[in-house]
Each structure stands twice: as structure tokens, then as C-alpha cells.
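You will see two complexes here that share chain A, one where it goes with chain B and one where it goes with chain C.
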Partner chain A sequence: MSVAAIINEDQRDCYQELTNVAMGQAADRLARLLNAYVVLPIPKISVIENSDLNMALQGATSDSSVSAVCQGFIGAGISGEAMLMFNDASFASLASLMKYSGPLTQSAELELLMDTASVLIGACIHGIGDQLEIVFNQGHPVVLGQHCDMADLVAYGNNGWDKALAIEIHYTIEHVNIECELLLLFTEESVRALNKKIDYLLD
Partner chain B sequence: MSDKGQVDTIKDIHWLMDILQNIDVGLVVLDRNYEVQLWNAFMEGHSGVSPQLAKGKNLFSLFPDLDETWFKQKAEPVFQLKTRTFTIWEQRPYLFHFRNSRPITGRSKFMYQNTSIIPLESVTRQADHLCVIIYDVTDTAVGKIDISRANQTLSEIQVRDTLTGLTNKSAWLNVLENYYASQQQGCLLLLDMDHFRDLNHALSHQQCDEILRRIGTGLKTLGDEQHAARFGGEIFSVILAGKGADEAMQIAEKLRRSVLSLGKNSQYTISASIGVAERLDDTPSASEWLSNADKALYHAKESGRNRTSLFKR
Partner chain C sequence: MSLNVLICDDSSFARKQMARALPKEWQVEVHFAGDGVEGVNAIREGKGDVVFLDLTMPNMDGYGVLETIRRDDLPAMVIVVSGDIQPDAQDRVKKLGAMAFIKKPIDADKARSVLTEYGIMTGA
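Our next item is the complex of A and B:
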């Protein structure tokens, strides 16, 4: 993966710090939603090329069968997309933590996916937005796929971009088999605008 | 604030209220007890419930069809965590049962809806109200459903013979490979119509198609576990899963007789020859197995047609 010069080292550290705070808030919300202890990961900041997106996704979870939703967000001319991927083996534990009764059908799993996505994505991007004084407006979530191969998720890929800033956050829940990956992606134009805000913080 | 400033503010609020009333999305504000505080014109128009009637009423008593448990599962985190939540039509087609906004040309009877549920904070920074925004996504949903149906049809076409509805040759060959690889016992059956070219000349094409269709129907009655296919033209193939040679020959005979009976009210003889090959311990491959069945079929043809032959080395 080529780390192009769309962010410098200082900026990268700053993104890391921003994410740490935001995902902590998101983890707290998730913990309250699930009433369970959420293991705090270390976010990974990288610059990916369009062609690397699949690879970035494949590195995201160990399981080959996943379900995912994505959600666009925009504020102050900065737009990005959040993707939340669940390892399909996670749903049984998730259902019991969220006290869903009834059989774990595909539609029940979609409910779990959407409920978790609402909380995690919302908290994370607002956490980042708050620190940068940007109000992010979220678009509607879109199901990328259920029980599909990771490689098929973005098979129809959007080709309007070349490089993007990727923030990967891998959440796990203590003592239960729940694994999910939150990926925040900002395109190059948005990164330029974000960098300005970041530089302001760094000064 | 100066008088002019006050007038301007009031004017702004007035405009905003007008916009909220007329905007083409549904807006509902609910308090902590799920009682309606705001109900815009979109909601009034589609539900027939006026804002005066809705105001102060519990949402679930106004709309008994609304699934209270489900909705609260989405709404409670909004109050408790001050987070936005979303529902999409793929989860449930709609929150409120409204009719399609295009009753004549619309292709769905009801309105598909996406909803956003957002927290509204009071002066004490508590989320004591929430706003439900209802989007009409009928056209998107119908379009998406159409595409997935079309894709399904396409993949059906890839594996099905359109005349008989049986599996087609290439798909069946895959099934055969997998069946062979799974080490299961069974028999292969190849059925070829006798002198079909002559029949084609004597009868209309529609009549010949009808004969093939009936044979297809007959093969389907063997059940799903016996994989039947239209192998090509007037040849049919079946994997008789788990059947020994004796049983397979009985099935083949029955098939042969039923083909013969298709012509009993006709001046033409309609008959078929059938070859059967059992999977033996030393059948080296799926293609060899198929070729054994083909040899048996050839034998049936050579020895006078309208008969059934079992492959023997």
C-alpha cells in the first residue's frame, strides 16, 4: 500500500489522536447499548488507493463471510463514508447481548447490523466532528451485502476517486465472539480540507 | 433586540414553519412518552390524521399497526445515547402504512419508507424529544427489487432449459461432476426420442415441443433428488441418485412406456430408447460414466429402438 504524501507524519499522529478520542466515545455508547465491555483497539491510519480498497477490506476481518453497511456523511464541504463490517459468526452473540428473541434469520441479522451501525458510526463521526468543530450530516445507511464474500462487497466499486484516507477501527467485545470493523474513508479533496483543520489544531 | 430584528426573526420562523409544513418528507416530533408534538402536512396528507387530532396523542394508539417493540428498539438509543438511528426499507418496508403517492402509475400499493430518528435536546441538554423523519423511497425500492428479480431470472436462464423447465446441459454436467466427486452410488439414464426428425416433419413444431414438454413434466415427477435435464435436442439425462441397476431399469422401463403412451391417440408412433449405466467401483470419471450410458443408449438403438439397455462391459 503506497502511503502517498496526502498527509504528513504530524497530521497522521493528529488523526490517530482524534480517532482515539472519537472511537472511545463510540465504544462507550456501544458498551452501554450492549451492556458489555468493549475492548479498545488502536486505530490504523493509512492512505489507500482505489485499487487497494479490496485489500484493506480483506485485511479487516479474519472471516470470509461478512455482512456490511455503509453510510455517507458530509459537513463543511468534507465528505466521507463509513463502512461497518461484521464477521457473520458475530450475530449469535450480538443477538443475545441485544436481547433479540426469535430465530436469527437474515432479516433479524439486518436489524442487528443496522442498530449497531447507527450507534457506532454516528458516535464515531460525531466524535471526530466535535473535535474539529464540524457538524457532520449522515446520509441513509445502505446495505452492501449480507453473508457475502468480502471481495464482493465493493465489486461494483465507485471509481470517482484515486486516493483516500482510511481509518480502520477493529472492535471486539470481551468474552464473546463479536468482531466488527469500522472503516472511515475520506477522499483526497476532503483530506485537503481536513488537513487545514488539523493544521490549525497542531499550531 | 430591536423591533426590526424581532420582526425579522419572527419572519424567519414563519418561513421555516412554512417549509416544514410543505417539505416532501414526513416530520413527527415525539416526547418521552411517545406522544405526538409535531405532525407536518406530509403526515397529515398521507395518514388523513390532522395535526389537531394527532397532537398529544400516543403514537401507538393513533397507529395500532405500528410495531411498538420494534420502533422502541430504534428510538430508545436516541433518547438514552443521544444518537441518531436509521431504519431502511430492507428491514421493514415502511413505518407508517401509507399508500403509494402515485396511485395510478406507481407499481407498489404502499409507500416504501426510510426513516431517520434524531434526538432533540432541551435547554438542559437532555434528549427529551425525538424527531422521526420519513422519506418516501418507493421508486428506489421498487427499482432495486426489480433488479434483483431480473438477476435471479438471468441466473435461472443460465441453468434452465426454457422449453421443459428442466436443468440445461451445462448445469447438469456440473451436477454430475459434483455427484461423481461425492462418491455416491447411482445410475445414469439417457433417453433419446426415436426418429424424432421424422416426427418433426410429420407433426407441427408446436406438437413436437409439446411432446418434449410432457417428457420434461414426466421426468420432474421423479423428484428433485433425481437430477433430470434436457441434455440437448430430444435427449434427456437423469442421475438416478442412490439407485441400483435393477431399480434404475424399472424406472427406465416405466419412462419408456409413458413416452410410448404419448402417441396412443396419434397415427404416429412416439417412442424413445433409453440407456442406463450404473456407477461401478471402477468407473474412473464422470465423463466415463456418461459415456457408458451413451454406449447403452447406442445398444438400445441398434437392437431396434423403443427399448431399454443396461450398460455391460
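Our next item is the complex of A and C:
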């Protein structure tokens, strides 16, 4: 997907490894919350053009009906955006693992979505920050939509950038039907600052 | 004859980090593998008396390597070094025969304490 690379292969490898560690920490938190085993994939690191976001998101979940939250974060001259997308079919299992009793209303689903998002996004961002010695401050989480079409979400993520570093993590929970995708986006300017930190680690 | 140590991880950054974390005075021959298949081959070639093994890897993951070691009775002491720090993951690898589990990111202190605790490196 990358046209002009804003990261080289060593840097890509390093981003992947840092993500691997951070997503493991996030998965551990989620596993303890749900009392289940979170299956960890190899995270995908790519440089995407604005127009590719659609494709990145379409590949994110197997279901077209999704619910999503986004949360910005900032620190050390770096700003990024985290998006967590849940396959809507996940909520029933999520509710049962969280011992959520009562009917699964839209507001109940929202609560499950926000609880999970705060665990996964927070732990992942701090996990990456810790390894790079950056303290990231998180903004307020924003619900992008519930039960909406992936295409509607794309419109949100498309704002104000041409090229970005995308880190995609596809989480699934063993034995149950829970599937979500965490996408971290860093714009070119932030990637330059991140690359300096990465190069220091690679040195 | 010096001990052969194999570092098996798909990330070159992680392999380098692991190699740096090994105690300086430990007289060993260090080998590298980029995935589970390479790792098993290296162990068969006698390059893995001690193996530092990642779990999430393409081609064959760390679980696959542990299963192969057990099935074919390969001589390797395996220390899993992983970012998957879920209690379940640690249980599973121990059941598959891993000697120890180290949480990533690795550092020199963690490496030294495991190597001495399990008597892999003596006199340190």
C-alpha cells in the first residue's frame, strides 16, 4: 500500500515488536476482565494513504454492522488516534462473559463497548508509550456509532491527512464469538517524531 | 565445548534486544532463527541447547515449536520470551514443556535471574 515509505524496514519491525508487547499487556487486562483467553495475532503495520483507510477498515471485521469508539492521544510532540471497532455480533458473548444481566439494550451495549474500549485502548497506548518513554495523555472517548455501516466510519477517519502509519490489531476471544479490531493511526508529522524514538532503540 | 543458545523470534529488533540481555560473561555460542520452522531446524542441527522462544510468529508459532520438541524428543531447554502475558499463555507453555517464561520486553536482569534460577548458567 505504501507509495513513499515514511518508515524503513527496521523501523517497521520495531513498531511491530513494540505493538506486540503493548497488545499483550492490553490482552492480559481484557482476559482478566472477561476471564477468557484472548487470541493474539501478529499486528499489521502499514503506511496507508487516506484513500486506503476504507480498505483497511473493510478488512477489519467480517461483519459489516459494527460499533466503534475512537480516542485521541497526545504526548512528546506525537498525536495519534485509536479506533476500536466491534463486530456487533460480539455483544451477546461480551455481555455473558462480563456477567451482565438484563436485556441487551442499546445502552447496555454502549456500556460494554466503552468498558472494553477503555481497557484495550488505554493499555495499548500506555504499553507503546512506556517502551518509548513517552507519556501519552488520552482525550475523551467518542462513540462513532452503534450498529452502523463500516463506510460511515470511514468518513470520520478521513479527516485532514494524506498519509498515515496504521497499526492494526485484530483481537478474538477463544471459544466465543467476540471479534474486534484496534486501529492506531499516526499522521506523517507524528511518525517523524516517533521514528526518532524508534531509531534510538534500534541504535 | 561451549553451550549453544538459540534466539527464535520473528522480529530482528527483538532478537537483538534478547542477545543484548544475555549476561556478558556467559560463554556461549549465539544463533538466531526468524520463525518456528527455522527454529526447529536449528535445534535439530544442535544449535539450541538453550532456546529463547517467542510465541507469536509466522509459519510456525512458539506453541508449534514446543509441540515439535516434545513429539520428536529434541534436546532443548526452552525459555519462552513473549508479549502474551496472559496467565493462560504461561500455563500452556509450561504444560508443553517450557522451562520458564519471561515477559517481554526482555532486559538483562530478567534474563540473568531466570538463567541462574534454573541453573542454566552457573557461577554467576
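Side notes on the structure shown:
FYI, the second predicted complex is superposed on the first by the 199 of 203 C-alpha atoms of A that agree within 3 Å, B and C clash if a C-alpha of one lies under 4 Å from a C-alpha of the other, contacts with A are read in each partner's own complex, and residues count from 1 in each chain.
By our rule, a contact is a pair of C-beta atoms (placed from the backbone, for glycine too) under 8 Å apart; a residue touches a chain by one contact, two chains touch by 3 or more.
The shown structure was predicted, so the numbers you read here are calculated from the model rather than taken from an experiment.
Once chain A of one complex is fitted onto chain A of the other, the partner contacts of A:Pro141 are limited to chain B, with no touch recorded for chain C.
Of the two partner chains placed by superposition, A:Asp52 touches none, neither chain B nor chain C. In the superposed model, A:Cys14 lies in contact with chain C only, and not with chain B.
In the superposed pair of complexes, A:Gln25 makes contact with chain C only, with no contact to chain B. After overlaying the two complexes on the shared chain, residue contacts for A:Asp115 are found with chain B alone; chain C is out of touch. Within the complex formed with chain A, the chain B residues making contact are 73-74, 77, 80-81, 83-88, 90-91, 114, 116, 135. Interface residues of chain A, counted against chain C in their complex, comprise 10, 13-14, 16-17, 20-25, 27-28, 31, 37-38, 40-42, 131, 201-202. Contact residues on chain A toward chain B in their complex (touch as defined above): 29, 32-33, 71, 107, 110-111, 114-115, 117-119, 122-123, 138, 140-143. Chain C meets chain A in the complex at residues 10-14, 17, 55-58, 82-89, 104-105.
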